[in-house]
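In the part that follows, the structures are each spelled out as structure tokens.
One chain, subunit A, appears in both complexes that follow, with subunit B as partner in the first and subunit C in the second.
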Partner chain A sequence: MTQLIAFNVFNGLIVGAFYALMALGLSLILNLSGVINFAHGGFLALGGYLAYTLIPHIGFWGALVVAPFLTAALGLIVERFLIRRLYGRDPLYSLLLTFGLAYIFEDGTRTIWGASSVPYQIPASLNSPLSSQFFFLTGYRLFMVALVAVAVVGLFLILNRTRLGMRIRAGTSDLETVSVLGVNVRILRTLNFGLGIYLAGLAGVLAAGMLGLEPTIGTALIMPSFVAIIVGGLGSLPGTLLGGLLIGVASGVTTVFFPSASEAVMYIMMGLVLLIRPRGLLGEEGRIQ
Partner chain B sequence: MTTDNLSGKRLSRRAVLKTAAAASALQLAGPFIIKARGEGVVKLGLDNPLTGTYAAFGKNEMIGCQLALEQINAKGGILGRKAELLVEDSTSGDAGTAVQKARKLIDRDKVNFLLGNVNSALAQAMGQVANEKGVLMVDPGGHTDPITGTDCHWNVFRVCNTTQMEANAVAGVLIKDYGKKWYYITPDYAFGHTLQAGMEKAAAKLGGTKVGGDLTPLGTTDFSSYLIKAQAANPDVLIVLTAGQDAVNCLKQAVQFGLNKKFHIAGAQQELEVLEGLPPEARIGTWVFEWYWKQPHVPHVAQFVSEIKKKTGKVPTARTWFGYAAAWTCALGAERAKSLDAVKIAKALQGFKLPPEVALMPDGAFYRAAQNQLIPDLYVGNAKEKGEANEPEDLFDVTRIVKGPQVAGTLEETGCKMTWPT
Partner chain C sequence: MNGRQAANGAIWIALLTMPWWMNALGGYTELGTQVVVLALTAMALNFLLGFTGVLSFGHAAYFGLGAYGVGLTIRYLVPSTPLGILVGVAVGTVAAAVIGALIIRLRGVYFAMVTIAFAQVFYFIAFRWNKVTGGDDGLISWTRQPLDLGFARIDILHNAIAFYYLVLVLFALAAAIMALLLRSPFGRTLLAIRENERRARFLGIPVELHMWLSFVISCLFASLGGTLYALLNNFVDPRALHWNMSGNFVIMAVLGGMRSFWGPLIGAAIFVVLQDYVSSMTENWQSFLGLFFVLVVLFFPRGVLGVLRRRAVS
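So, the complex of A and B:
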């Protein structure tokens, strides 16, 4: 029993790391632009499908590098021509827009790649457990966790050490002042959106290796990501990371005792956090009005 | 200049008026035309998932229906009238939407037949509506037992198997070849519940036992924590009962964990759509197919396969056949009853044997009287990594064809007590 719980805690951390990767992208966009990007799952699916299309030509590793950038490029276009028009309005407008976009993405991928899931192959070197005892530690999953770690560290370095990152952070706390100081807020928001979508694309390439790649792959993953953001706290990227890991572990441990509730437990956690500490575990005060 | 302008304005206003008049005339005329056509055609309303988890299944059933309608119309339609297919997206899991679309098809479009639904729970809900309205319904691919069991209706017919039939077909092979201790991974809704109950019942008769099992929410993406539990229970066979996308996720992860090297992986229902979506190394296990495209010795199958291939470029799946047989059931029932009256058609379909060009199975298929359940052949066998180079879609190796009557149980066992309108 102890072993079962220990296994599930480890496993929950792996799953949670993945939720966090998606949630970080969402969180970036939400913090700076106030846009609740419901199309994030659509971008994720697109990342996976682009990789699927690219793998026969440039291999898995090539696709892992290229597909997220292509996804981000599309993100830049969407931001430039659609989302930009809605900044400064009630968040409901952009929410409705991205909600519609989510449907367009889902049906678009269905039209191009078909409704059935497609066989997405990952390198054989990653596709087996490392030991018989810890069979849930496959090469692929450890690689994924490592990549999430790299992405998180990279993201924090960008945000804390580069001019762009500092501007994004400054803009997150006070966009008006930043703009008065001569920073081009439009470009800042566009680049930030692209960065968020890059993370979605990367999550998509990784998810397709573990899950069946089909048009609704993102839909199932987007809700845990929102929960991760709310549990961790709006406005805080470390909070989002923590939130992702926490719901991953909670869901895994619940499976041991009461499997039917393994999904519900995330929402129960979210409810509790909202009741007891509405700003989230590491959230800033006053983010939720 | 001014006059020109004025006259120009006047002219354009006239044009606008004319257009408006024409438009209103069209609007007035429109309904009459549509109504006239409505009396001429026989309408089949398909209320099935086109989006969500079951979109692929729903679309294949739709393609089957479309081919059937083309053939029906080429042979002179239904009772000499043209047959028409109306399609609505029921979503994959929202019973509210499915019911609303069913009501729309019946009340507004006045369909003569209602077809659907891939999702068992939605099929059950639609069955209620169809029964209340007295419309003949054919369920192509929703498997849960009560639809033609405890919850059966005189007007609801089903093409696909009950979950109990699938369980009975595969249980013997699994116990004989792989062992008696089973662990279940079961989707947590109507289909999964009855399928697991069916497997447990079939296994118990043969001395099999359940060493554990988990109900997984529909749409589960990550099965790792369930697989960790399954491994700890150390069964002989891991019974995977998830369908569609959930099955893809579960099998993919089980193989990545190397569990197929620790115990046998099997289940009841398996579908070509799922095997095609898996990477080759995850195409494993012992399963039941409800129809298979590669039946070289069965007449008419090759022709059906080539006609579907012409439409889609792919071989038909069991889902395609479900849709095809369902639409043909409507046409054949009406022809047999010589009427579009639902009660007369339902009576005409009692015990009705599908003609070989529709049944497309070695032993044929018939609707069991007083249950309205089609009793077909079932195909037991193993998934295979890949087909021969010229047949890449041959991913299932049929080892045994099980005759429906052997696995259907008695009428009493199904629990169906049918009451007819008086």
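So, the complex of A and C:
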């Protein structure tokens, strides 16, 4: 029993790490530009498929480096030519646009790579269990957790220690003032969008090895990411991180006792948070307006 | 007779005579029924979206609850169409009242995000609760039941035209109620909130209460649309609850024109006909749909009636 619980908690932690990685990207874009990027799941799937295509040529490690950057590059193009036109308009329009993009991404990956899941090679060195008692502790799983941690630390270092990150944070609280102070807000938003999409691509490369790579992989992850943002707190990146891990572990634990409610539990958590603390666990005051 | 009355008259004549001209144009009666059902739902959504300025992206939840409400009632409880409709609408409305109370303090994108996420709860319930809902395969082995009026029996199951007129009667009722509400002081208050929420608040209007009422009314008619949708297909599956469905309703409202009462009807008609045509032509209809969303947003954000109206003014 302990082993079963440990297994599911660990599983939940990994899944939660994916939710968090995806939700952090969504949150970055939402906070600075006020755009809910529905196509985020599509970018995640694309990251996975690009890695799948690249692995036979440059190996897993090469793909791990290259695929997220390619995904981010596409994100930059999408932002530059489509999403940028909608800033300052009713958020309804950017929502509909990314909604349409999500359709195109899902159908596009299905057309190119097929509707059923594809065999995704992860290095053999990472694929063996580390201990016979805790059979679920494969190297790949530990590696994923470690890499997500590195990515998150890297993101917070960028945001807190670099000029770009400082501007992103400043823009999040008051974009107009930042613009008046001479920062090129257009470029800032584009780079910020690219950063968010990079995280989605990275999550895609990692998730493909664990969840199986199929066109709907992103669609399955996007709703929990929304929940993570709402639970963790609107406008707060640490909150988003916390929210993702929390709902991942919560649904992992629920799987042990009541498997059919493993999805419902995160929505129940969301309902409770909205009831008791509408701005979310670490949310800023006033953000919800 | 002014232009507005002429337009209203033309719309009602077109709807009333649909079974005669639809077949001549190469369509079929069920296609017309589908337009009216989805138009009802899109107009219900637009009550909130266009006339209260609240961005809900989760109306599939209430649409789907209505659909499952009627299906489950007829399948398990009583084989009666009117009762099924009542149950479906009641279930959808109660759910909206509870969820509405939870989320009404949020605004804009955040409101949209929470409505989407909550809609997904019902999707998972329908998807997982195999024994009752049939899970992914949908709820089968039930059909809409003949209407018993006491003095006459109308076979809406086998007579597609009779069912169309039943749908049209309910549509007319819903449209009339929404139009009257929008003309009433309550409706004017909703418009005031849409135009300037802060000013409305300063005038002493209980903004949250009005938004909540608007949300519940909108969801009531959306679940009515859902019940009719299930009855039309004699079938419900979780896709009726999926956020793709919510997105489709929003695009119908935008495509027809969010600021006009009849806009969503035009949008629904274009959407349904286009979907019917494209999905028979290509397997990649989803890409076309996505491209359609993108093009509407970039080049046609005011919708059909918005553009027409602007032209009439200038």
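As a convention for this text, the second predicted complex is superposed on the first by the 280 of 289 C-alpha atoms of A that agree within 3 Å, B and C clash if a C-alpha of one lies under 4 Å from a C-alpha of the other, contacts with A are read in each partner's own complex, and residues count from 1 in each chain.
The rule is short, and it goes like this: contacts are C-beta pairs under 8 Å (C-beta built on N, C-alpha and C of every residue); 3 or more make two chains touch, one makes a residue touch a chain.
Every value quoted in this text rests on a predicted model; they were computed, and no experiment measured them.
Asker: So in the superposed three-chain picture, is A:216 touching just subunit B, just subunit C, both, or none of them (first/second/both/neither)?
Answerer: A:216: touches subunit B, not subunit C.
Asker: For A:95 in the superposed arrangement: first (subunit B), second (subunit C), both or neither?
Answerer: second
Asker: For A:106, select first, second, both or neither according to whether it touches subunit B, subunit C, the two together, or no partner.
Answerer: After superposing on A, A:106 lies in contact with both subunit B and subunit C.
Asker: Would you check which partner chain A:252 touches, where first means subunit B only, second means subunit C only, and both and neither mean what they say?
Answerer: First partner only.
Asker: May I ask you to decide whether A:115 touches subunit B, subunit C, both, or neither, giving the answer as first, second, both or neither?
Answerer: A:115 sits against subunit B, while subunit C stays out of touch.
Asker: Let me test your reading of the model: by the given contact rule, A:263 touches which partner, first (subunit B), second (subunit C), both or neither?
Answerer: In the superposition, A:263 touches subunit B and subunit C alike.
Asker: Kindly classify A:76 by the partners it touches after superposition: subunit B alone (first), subunit C alone (second), both, or neither?
Answerer: Neither partner.
Asker: Just to be sure I follow: which residues of subunit A are touched by subunit B in one complex and then by subunit C in the other one?
Answerer: Dual-contact residues (subunit A): 106-107, 260, 263.
Asker: Show which residues of subunit A lie in contact with subunit C when the two form their complex.
Answerer: 30, 34-36, 82, 85-86, 89-97, 99-108, 111, 223, 226-227, 229-230, 234, 260, 263-264, 267, 270-271, 274-275, 278, 287-289
Asker: Quick one: in the complex, what on subunit A touches subunit B?
Answerer: These residues of subunit A touch subunit B: 3-4, 7-8, 11-12, 14-15, 106-107, 110, 114-122, 127-129, 132, 135-136, 138, 140-141, 210-217, 220-221, 251-252, 255-256, 259-260, 262-263.
Asker: Going by the contact rule set out above, which residues of subunit C touch subunit A in the complex?
Answerer: Per the touch definition, subunit C meets subunit A at residues 49, 55, 57, 102-103, 105-110, 112-114, 116-118, 120-121, 124-125, 128-129, 243-244, 247, 250-251, 254, 284, 286-287, 289-294, 296-298, 301.
Asker: Mind pulling up the subunit B residues that touch subunit A in the complex?
Answerer: So the residues of subunit B in touch with subunit A come to 51-53, 55-56, 58-59, 188, 214-217, 219-222, 224-229, 231-232, 245, 248-249, 252-253, 256-259, 262, 273-274, 276-281.
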